[in-house]
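Order of writing sets the chain letters: A, B, C, D, E, F, G, H, I, J, K and L. Residues in each chain are counted from 1.
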Amino acid sequence: MSESVYKIIELVGTSPNSWEEAVKNVVEQATKTLQDLRIAEVSKLDVKLENGKIVAYRARVKLSFKYGEEED
Amino acid sequence: MSESVYKIIELVGTSPNSWEEAVKNVVEQATKTLQDLRIAEVSKLDVKLENGKIVAYRARVKLSFKYGEEED
Amino acid sequence: MSESVYKIIELVGTSPNSWEEAVKNVVEQATKTLQDLRIAEVSKLDVKLENGKIVAYRARVKLSFKYGEEED
Amino acid sequence: MSESVYKIIELVGTSPNSWEEAVKNVVEQATKTLQDLRIAEVSKLDVKLENGKIVAYRARVKLSFKYGEEED
Amino acid sequence: MSESVYKIIELVGTSPNSWEEAVKNVVEQATKTLQDLRIAEVSKLDVKLENGKIVAYRARVKLSFKYGEEED
Amino acid sequence: MSESVYKIIELVGTSPNSWEEAVKNVVEQATKTLQDLRIAEVSKLDVKLENGKIVAYRARVKLSFKYGEEED
Amino acid sequence: MSESVYKIIELVGTSPNSWEEAVKNVVEQATKTLQDLRIAEVSKLDVKLENGKIVAYRARVKLSFKYGEEED
Amino acid sequence: MSESVYKIIELVGTSPNSWEEAVKNVVEQATKTLQDLRIAEVSKLDVKLENGKIVAYRARVKLSFKYGEEED
Amino acid sequence: MSESVYKIIELVGTSPNSWEEAVKNVVEQATKTLQDLRIAEVSKLDVKLENGKIVAYRARVKLSFKYGEEED
Amino acid sequence: MSESVYKIIELVGTSPNSWEEAVKNVVEQATKTLQDLRIAEVSKLDVKLENGKIVAYRARVKLSFKYGEEED
Amino acid sequence: MSESVYKIIELVGTSPNSWEEAVKNVVEQATKTLQDLRIAEVSKLDVKLENGKIVAYRARVKLSFKYGEEED
Amino acid sequence: MSESVYKIIELVGTSPNSWEEAVKNVVEQATKTLQDLRIAEVSKLDVKLENGKIVAYRARVKLSFKYGEEED
């Protein structure tokens, strides 16, 4: 494994319910085109507000996968 | 929209259950006096412990809103 | 001057033209209610895009002034 | 209270369900050997992925307690 | 206590003698209008110089208190 | 909007005149292949010097857009 | 000296009077069980407030010592 | 040169021997599909351990190249 | 070029008009005594205010040049 | 694996030859009392100088292992 | 004042008694060769230990002064 | 030793072979004009690329020495 190269991309997922679900949405979308995902590190959490209500929990994550895989 | 001015304040919300609920409590309290809230960015998460148990999930957030609104 | 207390607030200014003008807008708005402004430190710069065009240059600044002044 | 000394250790908890539960797992494990836990600050959140699925939510926390207590 | 909301403001205190006194000056000024102050975290220390002498020790602090209290 | 996924890429634009123009150049280049650009956050500003003169203002920006769009 | 290994632990000291004294308290407590202490780096300063008064100056420090020494 | 646009991607290289070799592996892999690479900035170094031995030195780098080039 | 040594100094330029001009002023001043300047990285931007007006845009930059050159 | 708890400690290794060897020295020392080491993240690199010569390359690392293992 | 250029240098002062005195020592030493010192920002505080005692409080400061002045 | 003042300068060394050698080159150059060098802290590592090859490993270091020594 020691000579592999990995790529890290930064994605933002959203969910009306929780940051856990926001990250799950990121992962589901990413697995459509990327294989061998290993880790998703959270780099930022926020919420989007409309009319005084939370409409989306958003999680920005850094996702690492084997370089050479297809990527969107 | 391009010449508006926004203000950012830092609040800490707490909840016995989750950080999502902690942020929801911040937003509910803030909407009593502030209008046009847009985004709440998480700047810190922690938990308060008593007798070896979690008694509160706490989320520190930066909340932006239109400058000129009433503020507590 | 040595025993004064200052307050720092965080504001976001916007301009269709430049970050310099965005900060100028912040200062003009702030001077309506605050006196003795001293320094505005830039903590973040970004641009807002619509239809592939820049619609606003935005500057987030930390503005310091004498504590005890009126503040919005 | 003013002359006490506290120690801060860094632990990583994991959970298949949420970061809140990951921190709860850290606290439960730590209370077996440490008393007088006060606060756990989150220093990093990530998720571990296998076969395109989230297998663990992981929370790295800094845990403070009275220095002189037993520690693992 | 778990559902309270706290606000954090940033103030700068000055003293001709020490940073400890600079923070004490901040706290004394703040308690005139704010109740239930809990913690003041230092975010920056500097000194102001005139004619090659230190004329003020300055401490920038983040002060937390219960949201809903009066604030200047 | 709450279940969308966004991608963030980092680009560096250059201009002989200003950082505003440097960012405009980035945006113009990016819109050739990407749709639904939302925000470009500045992560670094510098200038390139030759023979004691500024030859380029450079702005490094993080650009967010809907994941699934074409990307170079 | 070139092949030694050192350990770094994080402690919080408190004092009613000054941050210098807070660090002195940390060092005195640590020397009961650790030898060959070299440096204590300040990573955070704050004050604890009660009834509008400072009750403790607190200093969080990273303390390095030779690995293999007894540690609490 | 002043109106070019560059892209920055983040890759992780690994080597059983050194971080220098880990970065060399990243560069060799990247040059297969990217031209005009200019600089690789190290953003993180770590080592992977198995059975108490170092099995890989890993270097995370930010690699800049002319935008518009082919990219994996 | 590979064995050269460079030095980095930190300067602050000011201008009544823009941060671009502030950096230009730094560079013009520095080229009087330094040769082979390469890059100036912005580390801080702020504005100085007097009587509610911006009197100076200030840019703090890190300037690199060949070590061994004359320096003020 | 999803409910395990890990501990992170910070150690400094030294070597007269390289940072890679400095980390190897840390790992060798740590494996005497700790099992199941996983990752060592570099948090700081420096060199110690005497009489104008490098006498030690030093690497500060954060080492993670299963909590509950023996630790010095 | 708006077109002046300032230089920032980083110095470390030490004192057996306090960080305030450590900074005073820095300033006294610097004023021997530099004029028009304005501000000294603290970038790091630590203490040096020998035989389990604090032998020096050390303060690292960034000192700004008019560029063109004599400097050591 | 407790009342000495130290200066910190930032240099960049380069080497075709390794970051260790890059720092060695910095130290050799610096010792020509500076005495009593103590520590060189790495603040940045990168590599310069030409034609898809690494042509220089570069290390930016902060070098501390007794203030009052000759400096280039």
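In this text, a residue touches a chain if its C-beta (ideal position, glycine included) is under 8 Å from a C-beta of that chain, and two chains touch if they have at least 3 such contacts.
Just so we're clear, the structure is a prediction, and the values are computed from it rather than from any experiment.
Student: Counting hops between chains that touch, how far apart are chain F and chain K?
Tutor: 2
Student: Which of these, A-B, B-C or C-E, gives back the G-K interface, meaning over half of its contact pairs coincide by residue number?
Tutor: A-B
Student: Counting only Cα atoms for the centres, state how far chain E is from chain L in Å.
Tutor: 39
Student: Centroid from C-alpha atoms only, then distance chain E to chain G, rounded to Å. What do you get?
Tutor: One centre to the other, that is 23 Å.
Student: Considering chain D alone, which of its residues make contact with at least two other chains?
Tutor: Touching at least two other chains: 9, 18-19, 45.
Student: Let me make sure I understand the interfaces: which chain pairs count as touching?
Tutor: A-B, A-D, A-F, A-H, B-C, B-D, B-E, C-E, C-F, C-I, D-G, D-J, E-G, E-K, F-H, F-I, G-J, G-K, H-J, H-L, I-K, I-L, J-L, K-L
Student: Quick one: in the complex, what on chain A touches chain H?
Tutor: 1-9, 62, 64, 67-68, 71
Student: In their complex, what parts of chain C are in touch with chain F?
Tutor: 17-19, 44-49, 52-54, 57
Student: In the complex of these two chains, what residues of chain A are touching chain D?
Tutor: 18-20, 23-24, 27, 31, 35, 37-42, 45, 61
Student: Over in the complex, which chain I residues touch chain K? Could you list them?
Tutor: Touching chain K from chain I are residues 9-16, 25-26, 29-30, 55-56, 60, 72.
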